[in-house]
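Each of the two complexes below includes chain A, the first together with chain B, the second together with chain C.
On to the complex of A and B.
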């Protein structure tokens, strides 16, 4: 199996690697892992008072596709509102990076990570995220 | 295929490694190609098939993750439900921290000590999880086993990474 040029580009020059202080209320942290391959991913967003994602950082321990998926995602979410970021689907990431079917789960991991980061930000700031409100209704 | 039966071992998670190796060598001898020099084509084919099964069985039974999955299958859980992502923040945070300290080990004054410590912790945690799996199997509580298998897979990956960095550092000596 060979990686696409886009995956290689993100793998060799990952964007936005690093971390924010996860105690900061402006920061949302999403941590996810894929049992099948043992990959772990941390994705953090910094959100403005207007609810815009100003900055994003990630750290991924995993294969090239997992690193590329999270790297691409940090680029995509910058400048988006939380709601827009919430709408990003793993299929869009897989398509952009031309991931082969066996690597699609890496893009799922990235989608789960941004959702988890948004949830974390929302719960820190008193807002009730979709998931939580559904739970409350149920 | 029930590999526990193929090896004549009790169908339990807690496999005795010494007996497993003994049975493996016995089965290997019994199916060795030298024994089939004068055999018919069909006999030889059957023997070849047996060799493959014995090798596969040994790989599965000696590996706690594969053994637990195999045992779940035997107990009727055909496709152990495996979550695509794991959602246990505490566990993931710990995994992340270990991965980071592993990555930083290269720049430490004694990277081998850092890695040795980490490998020690991994082995302790792994033994703990395997004990939990064994208890669940003993009580025939199969549902929680899949999640612990997932956790073991993270430790397996962590261990691989640690060993590969260790080998890498040794090459640089």
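On to the complex of A and C.
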């Protein structure tokens, strides 16, 4: 399997590896995938009162593409509003990292992870209806 | 000795470099400055010389396993030998019965011919190994039936290196009048094989696993009691009609020389490799959540198959790209396929995926081993720091109780 230089760069120097306290109300946590499938991705976002993602961290169990997809995602979501982050599509990630077709599912997992993190943040902060309407739009 | 280039080669069970002494011999039988004749040419010296060197090679191969030269049939490799043995016996003895017994952990070169025969109306029993990879002889006994014609069990497993007790299996099959085939691709030249002692009827060999050329193998076919085979390749009636095709003199000479060297050096070599393997294992033993796959004692000297829990297999292979090893995870397609051998031992998918097979050999050094240990330790630690599963494990979460959002 030959990876693009971008995947190798993220794999060798992953950005924003780590954890936030998932009980903190400013934090949204999304964990997707399953060990038996070979990928588990956990993405956490720290959201300001204005609804801006101030910081993001990830941990991923998975192949190089899965690690790179989640690492890239943490870079992209920082500074974005929740609405903007919600709009990130797996195809953008796959394109940026030049993922081969067999690895596109890694970018899908990353999209699922940010959506799950936003959902978690929203449900903690009583914005369930907002989140659901956003989901419909997406 | 000869320096291998980077990455450090630790995949000797996949293949081995040709020993320079072997290569030198082989080169003598190719060009006009050497002996290039066809061994089947009986009317001139070119043919006689080829016939003579092939006789010597046959003798060398037979000697390593304490067999008679006349019991060695040249083939293109262990895959062909397995096919000839299994399909050849099935076809010849079909009136006697149509039941075959083998193991789930056999090489594909045994399993696939068995699957083929199932389509042809034969019945195959695939025995499970014990969790240590070994065959329970009682299970073998109870699988045998009156219409069983063949048992095929490999000597040394290619993935986990465990050694099956072929002497004991031979006693069981001989008593029942059942033919015993054994794939010895991974054991010949590494552990002692004595075919006067072990009641093996057919044995497959490969040249390239023991520093000979690729594309060359042999099948041992016992003469007493005489084992019959239906040929799978028809032509000029070479190899007493069991395998036609002009003999590849240089390849055969290479295999003969490789087996001769193995006969001379096997004892001292396997002691040296065993010390290296122990050093490798010791280098990992202080790490948490590391599992050796297969019995560690009943195992060929060069093999260490080990799983690093909470690290995904493909990322591990990427992380250790400076060492040439095999992974238990075949992640070449969108669906991950963990090793069927490790699955048969009862390992879960995650552990099967995170396994690495190190196989050491003739040109492995202490320095290679130390570099491998240091690289593996650093990379596993780095990947675990990145693994949410490792964090959960360290926090005391029981991962089997977690509801995963499967995708």
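Some points to look at:
The rule we apply is simple: the second predicted complex is superposed on the first by the 124 of 138 C-alpha atoms of A that agree within 3 Å, B and C clash if a C-alpha of one lies under 4 Å from a C-alpha of the other, contacts with A are read in each partner's own complex, and residues count from 1 in each chain.
The criterion applied here is as follows: contacts are C-beta pairs under 8 Å (C-beta built on N, C-alpha and C of every residue); 3 or more make two chains touch, one makes a residue touch a chain.
Nothing here was measured: the structure is a model prediction, and the numbers come from that model.
By the touch criterion defined above, A:57 reaches neither chain B nor chain C. Of the two partner chains, chain B and chain C are each touched by A:42. By the touch criterion defined above, A:31 reaches both chain B and chain C.
After overlaying the two complexes on the shared chain, residue contacts for A:102 are found with chain C alone; chain B is out of touch. In the superposed model, A:115 lies in contact with neither chain B nor chain C. Judged by the touch definition given at the top, the superposed model places A:11 against chain C, while chain B stays out of reach.
Once the two complexes are overlaid on chain A, the chain A residues touched by chain B in the first and by chain C in the second are 31-40, 42, 59, 61, 105, 108-109, 112, 116. Residues 31-40, 42, 59, 61, 105, 108-109, 112, 116 of chain A touch chain B in their complex.
Considering their complex, residues 1, 3, 11, 14, 17, 19, 31-42, 59-64, 66-67, 102-103, 105, 108-109, 112, 116 of chain A touch chain C. Interface residues of chain C, counted against chain A in their complex, comprise 310-315, 318, 329, 331-334, 336, 348-350, 353, 385-391, 399, 404-407.
Chain contact summary for the complex, chain B toward chain A: residues 82-87, 89, 91-93, 95-96, 99-100, 103, 149-151, 153-154, 156-158, 161.
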